[in-house]
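All chains are identified by letter, namely A, B, C and D, in their written order; residue positions are counted from 1 within each chain.
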Amino acid sequence: MIDALNAVLALLVLGLAVWTVVARSTFAAAVGFVAYGMLLTLAWVQLQSVDVALTEGAIGGGLTGAMLIAAASRLRGTEAAARAERPGLPIRLAAALVAACVAAALAIAVVSLPDPAPTLAYETADNLAATGVGNPLTGVLLAFRAMDTLLEAIVVLFAMIGVWSLAPDRAWGGRPGRVQRADPDGILAYLARVLPPIGIVVAVYIFWIGADLPGGKFQGASILAAMWLLAVMAGLADAPPVSRKWIRFALIGGPVVFMAIGAAGVVTAGAFLAYPDGLAKPLIKVIEWALLPSLALTLALILAGAPERPVR
Amino acid sequence: MSLVDLFTVVAVGAGGFFFLAGSVGLLRFPDALTRLHALTKADNLGLGLVVLGLLPRVDGVLGGLKLIAIWLLALLASGAASQLIARVARRANPPA
Amino acid sequence: MAEFLAGAAGFVLLMVALGLIRILRGPGDADRMMAAQLLGTGGIAVALLLSAATGIGATVDVALTLALLAAFASVAFFKSATDAPAGDAGDRG
Amino acid sequence: MTDPATLFGLCAAALVGLGVYALIVNPQPLRKIIAFNVVGNGVFVLFGAIAHRGAGAGWGGDPVPQALLITGLVVAFSATALAVTVLLRLFDETGSATLASDVPAKPDAAGDA
């Protein structure tokens, strides 16, 4: 039964991917992408990666989907011009050939993967006790591969600076995005009043259990960012001007705490990002608590877009 | 088959039926607002019956409350989303 | 019982996938959004059924996240459809 | 039936192929961004399938690649958002969203569109 379900799921994912390629209107492709993200979430569940499924559900279907739908609507007027630029048949055939070769090479790699598969699961299991956390992914993210996580937090910050740098000169330091208006007594405002309190509880819950069960700061931060964006879209909140001091401090707070603890490791444990014996779990907790608000704010501001309204 | 299993089979089966009805309605009904009507049946009753069927199988009261919370959240989301979609649909095709 | 629950998950998945034909056919953007909304609800049901079938309790949290963000795409759709320069901002119809 | 790792691995290979094709032939930049995401998802799913093969020690997959997947998803999202913002700025600035060079190229011999 599960095998049949997996086959259906894989076919549906492929079918929707084809749809995002062949759909005439970009909006239809974007809606297809939302559905595609939802199905990928289920695929992650079937690959026994519940942590990844949580991330994909919050980011792939939720944040990316909403962003693509909004962008597709805004660019609707450019569709006809783009269609005229469609390359000719020879180029399309050549592209299909290249794509087929890439896919075939990957498929051959998939069926000829070594057996038994190489794995770091046993080594992770042997050393997880030293970190004090129960969720192996949290152990990997914040102890064994902490450098990746630190760099990732900084890459996200760079992406946000990239978004800010796209502001027109007159709006630099101003409020991101356009003015959002909505009926204050309408259904959207109602949803944006009821959902965020629940969403904040769920986000903290997903974050909290991340120490021992699937969940964690990335998933929690994505949900928090989505809830804030909902309030903004309903006109109940406005994005703050990005030149505010508190924003700058909140954004760098998480990475700074992470780096400070990492640097302290040079002295106390002999290596950058190493934790002294017995202190691993509390230090991991401190880093996670520091990263959660920074990540949530960074993701939210990336989604809010470039500053467009100058501060008066 | 125990009584609990029977209950699950009946409720989940009924839930599956409403998802079937929702999809068929979404495909067969003539205009956007009637399709929306079919959609909400799947949202409210289909998911509700699936949750009802799974309730006796969870471990502990908290697990059950979580399932019910998921259903309530989905109700809130689908109710709000349906309203919003309906307004866009009516703007595109104003009633005669 | 696990077999039945997995089968039910597959059935619900097939049913909501049937609804996806609406994404293909449209005709309006609202119809496409409805199909995505139906798939969202169906995905929650599938995740819950899979959680019960496989005994992996954490999958319920995936369903919880999906339920929380189920309306998100529709909200973005509504905002972009009504924020067009000509549109007004009322959402009470 | 095959095991899920092989099934979704092959699905991932097809996703990458589809995305590469769309990335080349779709002139609309937003479609290229979506195509880029399809390629990215293909790579992620392939990685996830390999992680699933490494199941052991009571876990459903190798936790190291799974953890890296989470950071990968977040970075992919950031890159997508940055690309969309660049595109919207281009549109606000020029009123069009074309990637074609400014020189009005004559339809070349290869083009039939």
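Note that in this section contacts are C-beta pairs under 8 Å (C-beta built on N, C-alpha and C of every residue); 3 or more make two chains touch, one makes a residue touch a chain.
Only a predicted model underlies this, so the values are computations on that prediction, with no experimental measurement involved.
Can you list every chain in contact with both chain B and chain C?
Where chain B and chain C share a partner, that partner set is A.
By count of C-beta pairs in contact, what is the leading chain pair?
Pair with the most C-beta pairs in contact: A-D.
So the centre of each chain is just the mean of its C-alpha atoms; given that, what is the distance between chain A and chain D in Å?
Centre separation, chain A to chain D: 14 Å.
Distance-wise, how many Å sit between the C-alpha centres of chain C and chain D, to the nearest whole number?
The mean C-alpha positions of chain C and chain D differ by 22 Å.
Rounded to the nearest whole Å, what is the centre-to-centre distance of chain B and chain D, using the mean of the C-alpha atoms as each centre?
That gives a centre separation of 32 Å.
Let me have the rounded angstrom distance from the C-alpha centre of chain A over to the C-alpha centre of chain B, please.
Computed value for the inter-centroid distance: 28 Å.
So which stretches of chain A touch two or more other chains?
4, 46, 48, 63, 67, 72, 74, 187-188, 191, 195, 198
Can you list the chain B residues in contact with two or more other chains?
In chain B, 73, 76-77, 80, 83-84 touch at least two other chains.
Chain C: which residues touch two or more other chains?
Only 29, 33, 35, 40, 56, 64, 68, 71, 75, 77-78, 81, 91 qualify.
Identify every two-chain combination in which the chains touch.
A-B, A-C, A-D, B-C
So in the complex, the part of chain B that touches chain C is made up of which residues?
Per the touch definition, chain B meets chain C at residues 5, 8-9, 12-13, 15-16, 19-20, 22-24, 26-27, 32, 35-36, 39, 42-43, 46-47, 50-51, 54, 57, 59, 63, 66-67, 69-71, 73-74, 76-78, 80-93.
Once bound in the complex, which stretches of chain C touch chain A?
Against chain A, the touching part of chain C is residues 3, 6-7, 9-10, 13-14, 17, 20, 23-24, 26, 29, 32-33, 35-36, 39-40, 43, 46-47, 50, 53-54, 56, 58-59, 61-62, 64-66, 68-69, 71-73, 75-81, 83-84, 89-92.
Quick check: in the complex, which residue numbers of chain A touch chain D?
3-4, 6-7, 10, 13-14, 17-18, 20-21, 26, 29-30, 33, 36, 40, 43-44, 46-49, 51-52, 55-56, 59-60, 63-64, 67-68, 71-72, 74-75, 78-79, 81-92, 95-96, 98-100, 102-104, 106-107, 109-111, 113, 117-122, 124-125, 136-137, 139-141, 144-145, 148-149, 152, 155-156, 159-160, 162-163, 166, 216, 218, 222, 299, 302-303, 305-306
Can you name the residues of chain A that touch chain B in the complex?
187-188, 190-191, 194-195, 198
Within their complex, state which residues of chain C touch chain B.
That would be residues 1, 4-5, 8, 11-12, 15-16, 18-19, 21-22, 28-31, 33-35, 37-38, 40-42, 44-45, 48-49, 52, 57, 60, 63-64, 67-68, 70-71, 74-75, 77-78, 81-82, 87, 91, 93 of chain C.
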